[in-house]
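Letters A, B, C and D mark the chains as written, and numbering starts fresh at 1 in each.
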Amino acid sequence: MKANRPLLLLLLAASLTAQERRPRARDIGITVGSFPPGPLNAITDVPGVRVGQTTIFGGDSINTGITAILPHGGNPFREKVPAAIVVGNGFGKLAGSTQVNELGELESPIVLTCTLCVPRAADAVLTWLLALPGNEDVRSANPVVGETNDGFLNNIRARPITEADVLSAIRSASEGPVAEGAVGAGRGTVAFGWKGGIGTSSRKLPTQFGGWTVGLARTGSSMSNGSGDYVIAFSTVRPRPPSTNLDRLTDTVVIVRNDIMSGLFQATIDATEEAIYNSLLRAETVRGYRGVVRALPVDSTMMILRRHGAIPR
Amino acid sequence: MKANRPLLLLLLAASLTAQERRPRARDIGITVGSFPPGPLNAITDVPGVRVGQTTIFGGDSINTGITAILPHGGNPFREKVPAAIVVGNGFGKLAGSTQVNELGELESPIVLTCTLCVPRAADAVLTWLLALPGNEDVRSANPVVGETNDGFLNNIRARPITEADVLSAIRSASEGPVAEGAVGAGRGTVAFGWKGGIGTSSRKLPTQFGGWTVGLARTGSSMSNGSGDYVIAFSTVRPRPPSTNLDRLTDTVVIVRNDIMSGLFQATIDATEEAIYNSLLRAETVRGYRGVVRALPVDSTMMILRRHGAIPR
Amino acid sequence: MKANRPLLLLLLAASLTAQERRPRARDIGITVGSFPPGPLNAITDVPGVRVGQTTIFGGDSINTGITAILPHGGNPFREKVPAAIVVGNGFGKLAGSTQVNELGELESPIVLTCTLCVPRAADAVLTWLLALPGNEDVRSANPVVGETNDGFLNNIRARPITEADVLSAIRSASEGPVAEGAVGAGRGTVAFGWKGGIGTSSRKLPTQFGGWTVGLARTGSSMSNGSGDYVIAFSTVRPRPPSTNLDRLTDTVVIVRNDIMSGLFQATIDATEEAIYNSLLRAETVRGYRGVVRALPVDSTMMILRRHGAIPR
Amino acid sequence: MKANRPLLLLLLAASLTAQERRPRARDIGITVGSFPPGPLNAITDVPGVRVGQTTIFGGDSINTGITAILPHGGNPFREKVPAAIVVGNGFGKLAGSTQVNELGELESPIVLTCTLCVPRAADAVLTWLLALPGNEDVRSANPVVGETNDGFLNNIRARPITEADVLSAIRSASEGPVAEGAVGAGRGTVAFGWKGGIGTSSRKLPTQFGGWTVGLARTGSSMSNGSGDYVIAFSTVRPRPPSTNLDRLTDTVVIVRNDIMSGLFQATIDATEEAIYNSLLRAETVRGYRGVVRALPVDSTMMILRRHGAIPR
């Protein structure tokens, strides 16, 4: 039932082969905004950021998974990164938001999984955090886990994830290209009536705007009362790790000045839009619990985009 | 290791006997504010509200538990109640806050447990909710679970609670008197250097202020950066349950007018203060993981209060 | 210097004549979303809502004004309406937000004016409120005043509005069509590099979605760090006015159920988008303090929209 | 009618003589908490902070004023300081909160005045800011103005302050001792049924807790629905002023580490409590619009405190 089991690995491999044939937005001429993407056009263009995913499926009814984003390759509890969470529509099960906003710090991986699986995934993140070298005396930690509702394609009431699945996603996290579409927490999601899933994109600001790289990953969106909408932002610019000296009371941090934030705002908006296009374009048809959700048909989509002049003829 | 297992029930019985000898605040002449309490001076004075607790302890190192508060005796997912959560100090692991505030509704029991146990308790609440008659098609539910940090008396890293412990607390919830002190989620907590725990108090507003009953339960407080501070308020005045008629689009609700809220505010402040006193007075000495935390000495406390004229001589 | 002075009335009349020739979005075939607009396609489709505007201009340097929205024709302090304010980007001078969100009530007109004019406008709103019959004993009132930054076309440092200008906007407020474009608080604003201004649109939900009318008015948007972004929502469904009976402690209110909010959300998004189009299409070229801001050229805009299939050929 | 007019200056002088005889909390043996105060036990113990006040009274009906707090002696728009505003009870007219929280910056003096005078004071703050050398091109500025409701002792509907009164308070701001009691924005306020007013206190943290100085000023508190409750915090640790170099994109700032905040929290709580005591003890009896509000009787208060052991016998 898990992507990381031998038999299903084959299935996943087949699926990945099919998926490889589906394009990303830029492959078919869609560009969003004027800032250029980073080399991978993915959240992993931000140095240090790692993504790991476990895709879980099997039989007619299970289509879910885990997507883990790590801010860096170290111990996130010991080397917390600046972070903030904004709640657009709070109809969601996001764990960890109040502490991130109280302290302005992220101390765990960010994990996405199916709505009813959020507590199990948070518990597994604790298992991972408590076992990290250096965390032997940790008695309080704040896992950040968000939800993707895959209740149409997935038998979500079965909460079909295990601690091992979450640990596998976190441990397999790596720099480099990020799988998109019907993978990880995007395995069972639907967007705009088509199969959605995981998408990512990045922007590299010109030097005069700071030369920063914004990266981001997201799952397909659909606007309704029931559609929780959260933004989690973090920076990989860490203050130097605290010395062991007990009287070390302050951190020295570098912050972006308010008056040059506009470029970062625009880059984030553009990359978000492109990540959604990527999620829709890369996701393949999935058959599941309550029916089939079709992949966005690439050829006719391109035809429509050409007719409207959105991509070159 | 659990209070609801035979061997430990004896221990608990002994413990309860000792506890019975310890007074509540009003027993020794402390009264807070001018509004009178309800008949039980407990959150259960609010009609319909139920409290259930599982106390978990054993050996030298386990002191934790679960306290569950149910807004009424029905299915909380089908009969949601108006609710709001205010974050005082967000350094805490409270699950469920964003959805409660987005929708203004509570659809689960409120469960308290040890910091690192929050995800396991939230998962158990889902188990309970999904299994309730009438919830067969629920694919999204929002458990509200708060933390009490018992990391000094409890080997918190072991996350020593099980799904059965949480279900037991919820299923045993009842109207009537509420156990206070070193019970439930208050088994391992510390307040102001003394043994704290669960405390409760209520206020009955005079008819001219509305005649409402405020009840509330809380765990001992201690002010620091690491001390998460959350307020969860709910009302048991439910809108009539929705008819099955699909075009039923509105609810008719009765709300308290802003300009008479002051009495409710004062009653809440008074009852909170008295609940903290009750938690300190009722809690007995507990020996645990990293040492012993002593019960507040009642006799010398009374002597000091008398000397300062806070209770009658 | 004011639109309501004789000489400039001529100028305004000329300007209105020119403006009359500029189309609204639907006039050139642009429709947003699938819900139909109300009869006026304006915020004033919501029964009771009134809009009044004062446009202030003169010489080379003054281009500003006041736009006032009244929730109903009565005394808003005595018949408060349910309201909420959401802060998107808080870089703005909005007066009154904390009380609206604390009490959930609007007790004043909503007034828009130039950034540095906000305090003067708020003071004038107080003058109007304190003088209303029935408000003789009011000693605290919460004016809601938002800003539009017209610092390019307007000599904003002169704060060129008077109490009389604000009172004129409020007193002239009426039901019926709403002037759009370079009028009121939109006289000096810029959007997307073109002349922006006031725009409005409405949506009428089908009976099965409640049959409600969403109306809304807004000023042109441009995304940057300095672009404050606020949403003020109010409902005209008032609780019955309080009886004089002192023991009247509660209100009975009708609320829309959470699970049918999606239609209202979509209607609001669509109407907002169309209001921005209307503001751009209706606004004419304005010459002012630091230069000229041109009106969006309608013919070439239509050509581009046709080429992209956004409007019928 | 204004304290800074000749005739009334005499009156004020007389009043100050009377006031000088009233003690501060520490003068009669009250100490709050264990951290020591700074040399002045006032907000002005924080290096650079200045306080200026205009007290306005006359006839039977006018008792109001302005209290201005300046974060430093420079141009606050050019040398903004880190700041945040927390809303306890939002039933208040605080101007400027959304921008302070969006940007984390204070760019104006903090001014307190009577509820219905807030817009006039905000307008006067703009006058002051726009006229400062270096601000010639400022076209947007965010005055922070809070309210004190003096509607019992003051004919608040007359809004009896002028631009000159506000400018006088700001321009007279100085380091050194701060007048307390029935002065400035505290001239007409009431607390706990007694005459309240302006109070201030400070704490100096021991070197091992950072050696910082917390200072703060506040007006008397009374808890009710109508009692707005806001906290404005700012730091005088400024980032170095931006170089003129346009490509300067970041600031380097020193921040206090989260895990040593508890001392600062406690110091703030203690100083707030003591500031309230100071405001009550220093305020003298005031006769005004709707009657007389008596000063807290010092002798009998001391007797009660002695009897309860709160101050030494």
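As a convention for this text, contacts are C-beta pairs under 8 Å (C-beta built on N, C-alpha and C of every residue); 3 or more make two chains touch, one makes a residue touch a chain.
The model shown is predicted, which means the values in this text are computed figures rather than measured ones.
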Could you work out how far chain B has to rotate to sit on chain C, using CA atoms and steps of 5 degrees?
-> 180
At the interface of chain C with chain D, does the proportion of residue numbers present on both copies reach over half, so same, or stay under half, so different?
-> same
Using the average of all C-alpha atoms in each chain as its centre, how far is it in Å between chain B and chain C?
-> 46
Please work out the Cα centroid separation of chain B and chain D, and write it as a whole number of Å.
-> 38
At which residue positions does chain D touch at least two other chains?
-> 103, 226, 258, 260
Could you classify the connectivity of these chains, where an edge means two chains touch, as line, ring, star, complete or other?
-> complete
Chain B to chain D touching residues, read off their complex | 223-226, 258-262, 265-266, 269, 307-310
Residues of chain B touching chain A in their complex?
-> 87, 89-99, 101-103, 115-116, 118-123, 126, 130, 138-143, 149, 151, 156-157, 159, 226, 228, 230
Touching residues on chain A, where the partner in the complex is chain D | 103-105, 208-210, 242, 247-258, 260
